[in-house]
Structures are given as structure tokens and as C-alpha cells.
Amino acid sequence: MSMSNELERLHFEFTGGRPVGPFVPALVGVVGSGNLEVLVEPREDAACTVEVSTSARGFAPIWEAVMEDFRERHPLAGLRVSINDMGATPAVVSLRLDQAVAEIAGPRP
Amino acid sequence: MNASYAECTARQRIERLFDADSFHEWLPPAERLTSPHLAQLGVPCAFDDGVAIGRARLDGKVVFVASQEGEFMGGGVGEVHGAKLVGLLRRAARDRPDAVVLLAESGGVRLHEANAGLIGVSEVMRSVLDARASGVPVLVLIGGKNGCFGGMGIVARCTDTVIMSDIGRLGMSGPEVIEASHGVEEFDSRDRALVWQTTGGKHRFLSGDSDVLVDDDVEAFRAAAIAWLGVQRPAILDSLEAEHRLLSERLHGAPPGADAIAFWRQIGIQRAEQVSELDSEALRELRSDAGLNREPS
Amino acid sequence: MNWEALAGRLFPESHGIEAHGDLLYGTGSVDGECITVLGTTNHAPIGVGLALNQARIVLDTVARHTGRPILLLIDTKGQQLRRRDELLGINRAMAHLGCCIDLARRRGHRVIGLVYDQALSGGFITSGLIANACHALPDAEIRVMGIPAMARITKISEERLTALSKTSPVFAPGVDNYIAMGGVRSLWTGDLAVALRESLASAPTNDERAADGAARGGRRLAAAVIQRVLDAA
Amino acid sequence: MDTRVTRSWDTRATERARRLSRAQTALGASLDNKRVVAEHATRLLEAVIAPFDRVCLEGNNQKQADFLARSLAAVDAAVVHDLHMVQSVLALPEHLDVFDKGIATRLDFSFSGPQGTRLARLVAQRRIQIGAIHTYLELFGRYFVDLTPHVALVTAHSADRHGNLFTGPNTEDTPVIVEATSFGGGIVVAQVNELVETVPRVDIPGDWVDFVVRAPTPALVEPLFTRDPAQISEIQVLMAMMAIKGIYAEYGVQRLNHGIGFDTAAIELLLPTYGESLGLKGKICKHWALNPHPALIPAIEAGWVESIHSFGSELGMEDYVRARPDVFFTGRDGSLRSNRAFSQAAGHYACDLFIGSTLQVDLAGNSSTATTGRIAGFGGAPNMGADARGRRHGSEAWLKAGREARNGLQGARGTPRGQKLVVQMVETFREHMEPAFVETLDAWELAGQAGLPLPPIMIYGDDVTHVLTEEGIANLLLCRDDGEREQAIRGVAGYTAVGLGRDRKRVAALRERGIIRRPEDLGIDQRDATRNLLAARSIRDLVRASGGLYRPPKRFRNW
């Protein structure tokens, strides 16, 4: 798990789930050390894609597990998630993902 | 409890400081205008390259705004970041909004983009002066943890009005750089009381380098920005001669060494040794008692 | 190149430039037109005092010699790294110098910067980089910060930074990079008096550096981003 | 039959007298009653210390006898050598310099945080023989059994002509060291910041003290317990909410100790806000054994706290403590009277809960801050984080924990009794993505490296009652076998390899039985866990909350 000098890029894709409906792109979080930013945008098709660019290399299996749980919590279609990460822990990643989905779902019931 | 300005991210500051829902962003994150220089260093980009710009309203007035994110690369100015600021200021010179409000939090040049950052910052400085020359007042708000340093510390002093909280800092070289070059006796960067006495909001307000001192509170920053929105410092020969006199008298009159308390006493501030204990309201009284005030005319 | 040799090549007939410590000032003439010359030597660190001394010379020129061109000779290791200078507001003194040069430019004085030896960011940003145009001698170097200090702050190893400063235009201190990026308008080679005369004749009034950076390929994004902001809905 | 031996029975007294007269001749006229001039400190030590002595050099958690440490490191190693050092903390370089110079060879101690790496190196080079790493109370106990110091070098704030010592807010370990040395036939030397006519109060009686020396510079005191609220993260706020609702409220914890850390500071800062919203004031957190944490000021001011007894003080809290004598233990002079030995005893027997952080937890629940290449020890944690098997008085929390631990067991293990709550609170990943949960603790590898008889474990698994992470709370009291215990730990170990290795079905079953409880099971919505919930978000907020009485040291003042 080294911080060598290339960024690691990961891609995840999910199908199925309920359409998220129209929304204005939203950004949560900040690319600071131990933190990440998450941009959520609508997609024309029904896929749910997640692109990750991170300076903390070698954690692909953990990203995969985090994304699977995110998918379980929010089975959404037509959603594009883009992440710039600077070594955030899985706890912070999951928190930001939930915050981003909350932004586009509008105020809490 | 108040909403701390220092706690907010750059975007939260815009959201809470300007009129509700009045911010319209230009080149938003979805346009992905990121830095072309960081990937080769293994450093992640930010979708807005660390600065949010756009148009908003402040107490109904039209303002062009920029807010730097201090947590991304220390708020350092890179090629895209600098160009967004230059674009905003050139657009202000063209469209003449009621004012430009810069929420600055930056270490100056983004070292990861050295040359591009340096040229960028000097273009920002030039565009601030151009905007002001076209009749548009430019204000700068400084209250983030990283303060406003390097080239941006110079840009801040090229604006019409500087508004700081006592948590904010304004200067050119950070304490670590000075300690690294001249040793801990020159500047002990771990002594935070000393760091804030040297470049903190209270010192800048008492010395006049900051026109306004507010609490670390978004509402206080908003109120001050509204009060000083239209104020302009004419960049004419007389005003620059006056500035020259002030800075020369300060240089030659200041006590030797770098003792802030002695400096405050010398410019007529009472109870100088208690300054670090006092809140911003008490500081305002101290400054006016010493006859140093510059009210928004 | 040392400043006396430079002055001789810039003003072959005669000049009245003197050095007072690290400060250079005086006058020179180009085709009979008198121009104010000011600047620094000995890789001078710019403190509050040196910034104010330069500002004074610019203000005197504006007050007494309307329209007289100003030549800035730049050799500095950047701002002075002292707690006293920070306490006394070196950022304000630097801004003042920049504003004086800006005022001179707006009142018709053509201001030309020439980096003739070394220029570190802090000491150069409000002099050469605020002029109508800034030029450089071929062997001059412009650096944002020394590599050891930069390595400490960016956490990038000195070896990596040294390698980058040979290959990447963003890091290399050679002036050709600054030309490619539009930060420096041109290199003065051969007859410096001719180069000076031509620069006075062709000094731009507004800031074309982003456009130059795009045209020359050293800074491809800046001008495009500025334009996108101007055009954004 | 006469089994008596013929020997003289006062050898300690005669040896002590011999050394005192050696000091008299060595110092001559410059010795004024008990007062030694600073320049002669090393000469004094060479007179009163003999080779192979046990010497207790006061290195505490907060205060250090730094001048005497420097003086000891300066003695002639030909005169004073092969000392056996017994001290709580190795905090200063001088504490190890004495080993480098052969002045000392053997060491029994409790904690060596800042010097851990150098200590490991000196052990590897055979320059130090470690007797054992103790918890504080254990070491203090041995001062009265088999580690009685021959000479004690202690530190106090001031002394009068008779040698009465005023230790001020940081009394810490001084009373127990002086008691053992003075009555054990040894010699007590104290460094002080001031010599005064009358001391504000007598913390150590003069006739227990043999020599007093005014140090050239005030003794070093470290503000160890100050945590800047500005550095508390959203995840730590979430975990603090779980601790308050899932454990403190669940068991009705009224008497507790907090270890040092941002996690515990977050709990302290959530009492007046989140705790208040749950109507818990008066129901939890009334009595504390801990130092005057600045982060506890808002809770004190909001009327949550009835009493605090402290191991030591905290720089900057002096005026606040003086203004709150109802809460703190203070002398007639108004300043704090701390005492590490008594507070450790109180923490063991009179507290129902200990909560602290750690670096590593394994599948049995063993927890340790030991890492390879560093010998650091654990200070008071092994004592505070252990079930008090000698305790007999009941309390709601203690009895409930006891029932949970023994429900359904028979025989000796099923006999009804209480149990202390010991909570290990840790984020699953620390910075640089270091996992907090591991299959094997580094402690095992370190034991081999340093030749220790046992792996240095801070808190044993069978003393840990709850493991709290951002993913949830695992209640180990309810586990009935090692398999359940392992899955309960895996069930809160998040995305670490240990966590990913969970048996999902068994973890789900444990959650059904309430052995694992996630934030949502406690009615906590993660998005409420923001820093706005903190009663203070900066050091300055704490100064305001104290009405200006808290005066933080320079390194914390960013205004």
C-alpha cells in the first residue's frame, strides 16, 4: 500500500436499481489529506458508474467492498459518481457517498 | 453557537455569506477544469482546482465572488486556479458589478506548478488593479486556518478593503519557511501565540494592514462586507504618496527587533500586553482610542 | 553578468546609474530620451526597506518626469525571510511597489523589466511581473523557491524535483521556460541597447502573458480558461 | 531451639548517616542546612549515591526533575556506576543518557513514549537490562517491597527552610516516591523552582526530605492532556455518540476514567449537547478519575460533573481549578492536589468504566500500543483497563456487566459478581491506512526482539468488555465462546482484512442477538454526526466556556 508517484484509477459499474430522477450535479467533501471529494451527476442511461482517482495506491479490494455496500444502501440507476481521493479511510468514503446521495435526494423526510 | 467561518469549506462560506441561493457558479465542478500538472506528481486533482467562482448577491447588490479552498494544496494558486481568478476579475472590469468579493485562503504559488503558479499569481495581481481602475471595488476576506500568504498576501494588499478575523493571518512568508532559513531563534513556528502576534488578524488590524476585524463568524464577515462594499481606495499619486509616508514612518519608527507588543505600544495602543486576551470588539475600541481608524467613508 | 557590464551594454554612450548597497538607481538615455533605471544587485533579498526605496524612485519619476520610461534591473533571491519584515508588513510594502509601477504604467510611463541574473518569486512578482513587459538575459534564472525548501513543503523528494526541473517547463528555472509560458516576453541577446530600444517601442499596455503562453505552447490552458469565464452563462 | 542470627539490625540507618556526612564534607560551608547550591548538585549526587544503588529519578507523565536528571547524567561514572533506575516515565534524553554513560545499567519503569525507539536500540545493544514494564500502581507497590529506592531525586514547586515541599497542582508521583525512600532508609533530594519563607501548603513534610536545590530553570511540565477540539473529526463525533448512547446510557455509568485521545475528548464535548438531548444529565458521568481535561470544561459548566480526582494537573487549567473547588480536590491554598497513586487506585476500584484508544486489537480482543522497534510501555492503562477482582461494592453498571458476563454459566465462572466495563474505542483504519485490527499483535514480535518474558499487551482480551468502532459496538460480555468473540470483533472491524474476513451469516446472527449494534440500531443517523454537535470546536471556545479562566499554553493559542 504505497504512496508512489502515480495516481491509481478504479472503475465500478452496477446495473438495475431504481432511477434516481433528474437532479443538478452536487459536490461534497474536499481533496485534503485523509479526505476526498465526491461529484454526483445524472446519466442518460440506467447504469450506475463510479470512477475513482486516488493517491493512496493498492487498496482496490477495499474500494470494491465499499462500493458494494454503497450499492446495497443506495440501489440507484442513472447515476455517475466521480471521486478524487487523498487517502481517506473507508469510513470517510462511505460517509461522503451517503452525503452526496442525500444532496440529490433533497431535504430529508 | 455561531457558524465559524474558519470551520466552513470554501463552498460553505459562499452558501452562508451571500444572499440565500443567489450564487450562480461559472465553470462548476462538473466541467472538470482540473490542473494538468498534478497527475505526474501522483497528486489528485480537484474538480474546481480549489476555487469556486461566480456571480451572487450581497444585500441585494450584484457581486462577483471567488472562494479558495484552503484544504486543497493549501489554497495554492496553480495555472487553472489562477486563470479562473483572472477571468473573474477581467469579467468584472467588463461587466462592472457592484463589487468583487474574494474569500482568500492561500499559501500563494502552488509549488507543484511552480512557474505556472507564479505567472498566474502575478496575472491575478494585475487583474485586481485593472478591475479597480475600471471603477469596481474589490474586497478580500481572510479568516481561514491557512491565512493568506506569498503572492496572495501581496494581492490582498492590492484590494480596496481587507476584512480579517483574528484567526486569519496575512503575510508573505510562513513561519516554517523563516525558521528553516534562519533558525528557531528567528522564528519558532511552534509558538503559535508568537505566530499570531506576527501575522494574525489582531496585529494586522491594529497596524492598519486590515481595515476591519471581525469574530470568526460568517454573519460577522457578511455584515462587514455589506458595510464596506462600495468603499474604494483611489489608486492615484496622492494616495500612493500617503501610503508611502505611512509605511516609511512605520519602518523607521518601529522599535528594534520584532516584538509586536512593543510595536503596538509605540503606535499608541493602550494595554498592549493584553491584546492577545481581548476580543475583536475590545480591539476596535483600542484602535479608535489610538486614533488609527479608517471608517467606511 | 554584473550590473556595471550590463549598464555599459544597455547605455553605450553614458549612464548615471549607481549602486547604494543592493539598490541600483540612476538614469540612462536611449536615442537622447532619458529613462529612469532602478533595480537590485547581489541577488538582494527584498525587505521592507528595499521595497520602499524602489517605490520612492518610481513615485519621484511619476511626480517629476511625466511619461519618462522606467527600466527595472532584476537580480534578487526573493523576499527577505525575517520575522521583523513580516511584522512590519513586507506583503504591504511589496504591494505598494507593485501599485506604484502600475500607476506609472497607467499614466503613460512605459515600464520594462529585465531579469539579468536571478529572480526568486517573492522579490520579482511586484517588479518585473507588473511591468508592461518583462524580458531576460539568456543565462538568467527564475525560480519560485529553492529545491530543498520546496521539497520540504511539497513532500516531493529533492531528487524528483531536480529531475523535474530538467524536464518539466513548470519546474525548470531556465528563462526559456518562462518565455514559452508567456511570463517573460523575450530574450535579449546580442546588442542590448538595440533590444532595449525595441522593447520600449513595442511595450504592450495590457496583460498579454496568458495569450503568449497559449501561442507559445508553454501554458496551454490559462488563456482558454480566462475566456471561458468571460463567456460563461 | 534458638534460630536467631547474630547481626546488626540498623545497617540502613548507619549507611544513610555515612552518606549524609560524606555530603557534609563534600559540600562544606556551601551546604546551608538542607539547601544545596545548584553548582554543587552533581557533587552532592556523587556523595549520596553509591554504585549498584536503586535510584528513583522523578520522570512523571507531566512533570520532570529535569535539572537533577542533567546533574545525574553529569556524575563521574567511575564514582557512580551500575545504578538500577526505577522511575515511572522515561521522558527526557537525559533519562537514557545515564545508560549510555554506564552510570546506570538496569531499569524498571512504566512508560517511555517519546524515548521508546532509543530505548529499544539501547536494549538491543545490551546497554540496558529491563527488569519489567509495569503499570504505575504496580511499580509504586514494588517501591515498598523489592524495589525500594536508596536515593530519590524528586521535583517540587517550592521549599521552605525546613525542607517542607509545595508540589502545587502537579503533585503526581512525588508522595509515594518520598514515602518509600524516606521510611525505607533512603535519601531524598528535591529540586525546586523557588526557595520561600513559608510554602503555600505542605505537600511533603520537611523531615522526609534530606536535600533541596533551587534549579536554574523551572522544571519542565508537559501539557499531555490538551486536545484541540479543532482536530476532532466527524467520524470521532459519530463514535462518541455511540459511546454515550450505546454504553454510558445503556449501563448508567456514573463513575469513569477517560484515556488520552481525540475520541474521548469528543465524548466529553458531546455531553452538554448530545447527552443533554438524550436527557442524560445526572444519570451518567458524575464522578471522574482523570486530569483536568480542558475538553471537560463545557460539561462542568453545564452541571454534569460532581467530582474529579486527578493523577496530575494540566498546564493552563490552574485558575479554572482554583475557581471550581467543589469539583476538584484542592488544598487550603486553592490549587489542585493531584496524586497518581490514589487516582490509579480509585480508577481501578471506584470507577465502573474505563474507555481508551489503542493502536492494535487482535481476534481475541487483546489490545496493545506496542509496535516493533519501540519499547513504550502503557502507563496506567493496564490498571484502569482491568476488571477489579477484589471489588465488592455494587453499582448499576458493574452489576449489569457482571450479569451479562455470567448469564447462563455454571460453577465458579457462573458465581454472581460484577464486572468493570473496559471499552476499546478505535477507528478501523488509522492514518496512512494502517489497520487497527490485526490477526497478530506487533507485541509478539517485539517480545522476541527485546527479550521480554511476555508479549507486552496493554489490555488483555478477557478484560475488554466492548470494542467500539465507526461500524458499531461489539459487546464481548455476551459472547460465550472464542468463535462468537472472534466474529463479534470481525463484525465491527470494517473493511480491514480482519473485517472483510467475517462470516456474514454469523455476524448477522450476532446483530440479531444485540451482541453487535450498529449506529442505526442505536437510533443514530450518521449524517447527524457533525462537528456542530461539539460543545466547543476550538481551544478558544474552551477559553470562552471557562469565562476566560482557562489560559492555554502558547502552543495552542491561534488568535
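As written, the chains take the letters A, B, C and D, and residue 1 is the first residue of each chain.
Methods note: contacts are C-beta pairs under 8 Å (C-beta built on N, C-alpha and C of every residue); 3 or more make two chains touch, one makes a residue touch a chain.
Owing to the predicted nature of the structure, the values given are computational and were not obtained by experimental measurement.
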- Message: Can you tell me which chain is nearest the middle of the complex, judged by mean CA position?
- Response: B
- Query: Across all chain pairs, which one has the most C-beta contacts?
  - Reply: B-C
- Message: Please tell me the distance, in whole Å, between the geometric centres of subunit C and subunit D computed from their C-alpha atoms.
- Response: 59
- Item | Whole-Å separation of chain centres (CA-atom averages), subunit B against subunit D | 44
- Item | Between subunit A and subunit D, centroid-to-centroid distance (C-alpha), Å | 42
- Message: Suppose each chain is reduced to the average of its Cα coordinates; what separation in Å results between subunit A and subunit B?
- Response: 33
- For subunit A, which residues are shared contacts with two or more other chains? 3, 5
- In subunit C, the residues touching two or more other chains are none
- Using the contact rule from the top, write out all pairs of chains that touch. A-B, A-D, B-C, B-D
- In the complex of these two chains, what residues of subunit D are touching subunit A? 233-235, 427-429, 431-433, 470-471, 494-495, 500, 526-527
- Touching residues (chain side subunit C, partner subunit B) in the complex: 48-49, 52, 55-56, 59, 62-63, 79, 81-96, 98-100, 102-103, 106, 121-122, 125-126, 129-130, 142-145, 149-150, 152-154, 156, 168-172, 177-178, 181-183, 206-207, 209-210, 213, 219-230, 232
- Once bound in the complex, which stretches of subunit D touch subunit B? 230, 531-532, 537-538, 540-541, 548, 554-559
- Query: In their complex, what parts of subunit A are in touch with subunit B?
  - Reply: 3-7, 25, 27, 30-32, 35, 37, 39, 41, 53-55, 82, 84-86
- Listed in rising order, subunit B residues that touch subunit C in their complex are 26-27, 33, 36-37, 40-41, 53, 79-80, 82-84, 86-88, 90-91, 94, 108-109, 111-123, 125-127, 129-130, 133, 149-151, 153-158, 170-173, 176-178, 180-182, 186-187, 198-199, 203-204, 207, 209, 235-237, 240-241, 243-244, 247-248, 250-251, 254, 257-258, 260, 263
